[in-house]
């Protein structure tokens, strides 16, 4: 459905001495999403994963390379402003509180993409928002509140509701669960799995947390320094990852790095 | 093993309660002991009062909350009752802390080397600036930070979170404390640095330093701790040896925490 | 207690400001005498039944002049401020929102304009144009817009770089809608605070110039002009200096108090 | 760093060029014809011929850009002509009056810096105490007071009522105190408020918590870390204060009859003496430019982060 070929993205950043340094956020990256399902890209900070997410959703324009939407080549700049594509591609930002206008009610926030991209009358719009809020398992009371009155988990759900408002074919999540407590995190991830099944859309998780990637997806790409170093399309076990860097990331997870005696004593049930 | 620990108790926290200015309880009747060379973990979600506990041990509570009851016994002294001056001698020297967010923990306008040397000199009057810088460089090198000579001459903003975290650990070790408090030290850094940081903690443990390890993830508890306290809304709901708690959790909350694990051992 | 003091300050400011506005609107209607009429006969300079605050050096009713003067002093300040802030908001939004080369050019222009002290600007302008109220207004606006524009621009930039703007763009919101529906409501608070604190600054600046004899006619009952007229009589009639100055002072305090309370409230 | 400074220098030189152009325009397009003024100043009844003669002599018949460069050459050689009011060389008049003004500004500056730092530190150390509230009241009063009026009040109380000081000063140091106080009160009010909020923001920062947690002494944290961080953004403000004072002494000097440049310029304005106004505009602008540049240099030296902050990032 969406495909990028050999895209490059550079930007200028100032270093400690005030000199401008060119940073290669993306170097010759190929990536594609075709079938419905959940995809994941893992990388540490500075690996260019967020930039890739932004290029895929059109928020940022890449310097060179091709972008295909349903096999038609798109001009990067117009990609973002195309209403059809805006309706079908959504990016959920990392900071869910900051992603909501503090002066707007939650209802207005969720209704925003509907108003801009689908022409609905007031009452259908209201019904749509109501059904969305039910879908993300929130109470209707939150609709009249402002962002600062909600908890972290609720804010995330509001962001998800806004993302699925126009029934997009692709939703990209930039660090979907950062800043959430472990219990809430799992609930949100499970909710997203359910939504994906119901809406039959594509979800792409951009994350630094390899556990999230393994939990959510069978198609995992690993990024390092602006390049995709490895992509495993059908992960069944950890040994599917062969590149040294991927192994390093997996190794850094405490659960797999623990000493033998501790492993023996810790027997918890597998959810993955 | 339990008997052995009781002999070498280094800190006792008794009936510790912390209240907000408006009389709301943040921590209620906290009791626990820390043992020589042992690692005690406090696990709980954000806002459960685990960070507040370390702040009260160091006497660094914000102005809008206060210790309403309880004592913290360390070296036969009640830390709640001693003067601020005495307390600042204990901080760093006897009880070290590694902070959650290394990016904001250093003064942005002072060079790393200066910040390290002033700390060393504050606790060791005999040391001069040159010596302090030299031992700092050595310790930073041991932490596997590249080019330590340049690091001491740079400002915090030009270093990465993982580097600053290791520098903070270096500084903490240099002061040779008996007890180190580690407050969610892995949340703000990258996965590859996390491994290194946790390895350093293991080394400390082997060297007989006691640790109070604050975290929200059971992975890390299993990884490093001997003894675990599960905290919820300012109260300890479950406590025990890590193995016991992990295999036979009694409280619903502990179960929920363990169940929130995304992927298991046998993935 | 602190809250009480702060709200007391706000009330005080509000009451004085409302009084000042009432004087502006109804002052001339309730004034006992014609402010321009010279009463030669009234040799008794001090307060009397006919002249509650006495008469000035030329024998004009002081109270009537004060009551009429509010219109000029506050009115001109408010007009000048409205023009200034209008320009500043327009400039700040364009410069802050569109960024890039436009922003670079516009901030450069702002920096250049800011490098001229207000006094220098007005001195240059009165050299080129005639000395009149228009010149005064013009130069006061020229002197103060870049400062306000910079504040607005930085606020717009802060809001623009926040995630909710990007989220709105992702939701397909147009630039115009983003500026009016998203950024403007979030910058409005700054603009309101700027307005209230700005009134006092404007009053001071304009009265300072009219004290120098720049701007208003010499016999107009404007408070700054009255001060200018009275300065020669500091030994014999200090109250002629005291009264209009106190009026300026009080009005200025009132608007500053409101501005400060709004600023504290918005934090 | 070089690029940053380069940008600053470009802006400041632009300011200087614009100022010289304005000054030049002032001398030429003002309502007074300089040639005529010159003839009148030399106590002659102007005839058309004489004016023409003088016009050629002064180079006023040349094209405008050439006139500008001639004027600029003269200005660099400090030749600004004579004052219409006093008949003296303007440079001489300025030389005499510059020193008293500078003394006044210096005393005010010292007052401002000492008062700002000490009041700001005390307020931040004991926030919401009685002292803090008194300072808050002082700030509001200081920001609202018309300085010239405040000057007259002081003058009335100290010179007329109690006769501590003479009403008309001759530039002695001891009589500089009252005008300096008058000048500094509003600026102290502004700066204390700024520094106090800077300090309070910094005290709640993580780095202060960590500094305490590793056992540094409280006074050391306050002076070496918190104050340093809070003062860094104040450097520019202090430089602006200095420039503002240089330009702002005019009214106060005339109130206290201080024999400085400000009082001199006020008299010139009343007499519509444009050549003098021109020189004044030039001087003040140069002071402004120099102090801004100095502030930038200090800022870079104190705060390396200045160079690191980049502007907007979202571009679409």
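Residue numbering begins at 1 within each chain, and the chains themselves are lettered A, B, C and D in the order written.
The criterion applied here is as follows: a contact is a pair of C-beta atoms (placed from the backbone, for glycine too) under 8 Å apart; a residue touches a chain by one contact, two chains touch by 3 or more.
None of these values were measured; they are calculated from a predicted model.
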| item | value |
| --- | --- |
| Fewest hops from chain A to chain B - one hop per pair of touching chains | 1 |
| Chain pair showing more contacts of the two, A-C and B-D | B-D |
| Chain centre separation (chain B, chain D; CA means) in Å | 52 |
| Chain centre separation in whole Å, for chain C relative to chain B (CA means) | 54 |
| Chain A: positions in contact with at least two other chains | 15-16, 59, 80 |
| Multi-partner residues of chain D (at least 2 other chains) | 304, 308, 316 |
| For chain C, residues contacting two or more additional chains | 166, 169 |
| Touch list for chain A against partner chain B, complex | 15-16, 44-45, 181-183, 185-186, 189, 208, 210-212, 214-215, 237-238, 248-249, 251-258, 262-263, 265-272 |
| For the chain C and chain D complex, residues of the former touching the latter | 2, 5, 9, 96, 99-100, 103, 108, 111-112, 115-120, 123-124, 126-128, 130, 157, 160-161, 165-166, 169, 200, 204, 207-208, 211-214, 224, 227, 231, 234-235, 238, 241-242, 245, 248-249, 252-253, 256-257, 260 |
| Chain D-touching residues of chain B, taken from the complex the two chains share | 58, 60, 84, 88-93, 96-97, 99, 101, 104-110, 118-119, 122-123, 155, 157-158, 168, 171-172, 175 |
| Contacting residues of chain B [partner chain A, same complex] | 45-46, 154-155, 157-158, 161, 190-192, 194-195, 198, 216-217, 219-220, 222-223, 242-243, 246-247, 256-267 |
| Residue ranges of chain D touching chain C (in the complex, touch as defined) | 11-12, 14-15, 18-19, 22-23, 25-26, 29-31, 128, 133, 140-141, 143-149, 152-153, 155-156, 160, 243-244, 247-248, 250-251, 255, 265-266, 269-270, 274, 277-278, 280-281, 284-285, 288-289, 292, 311-316 |
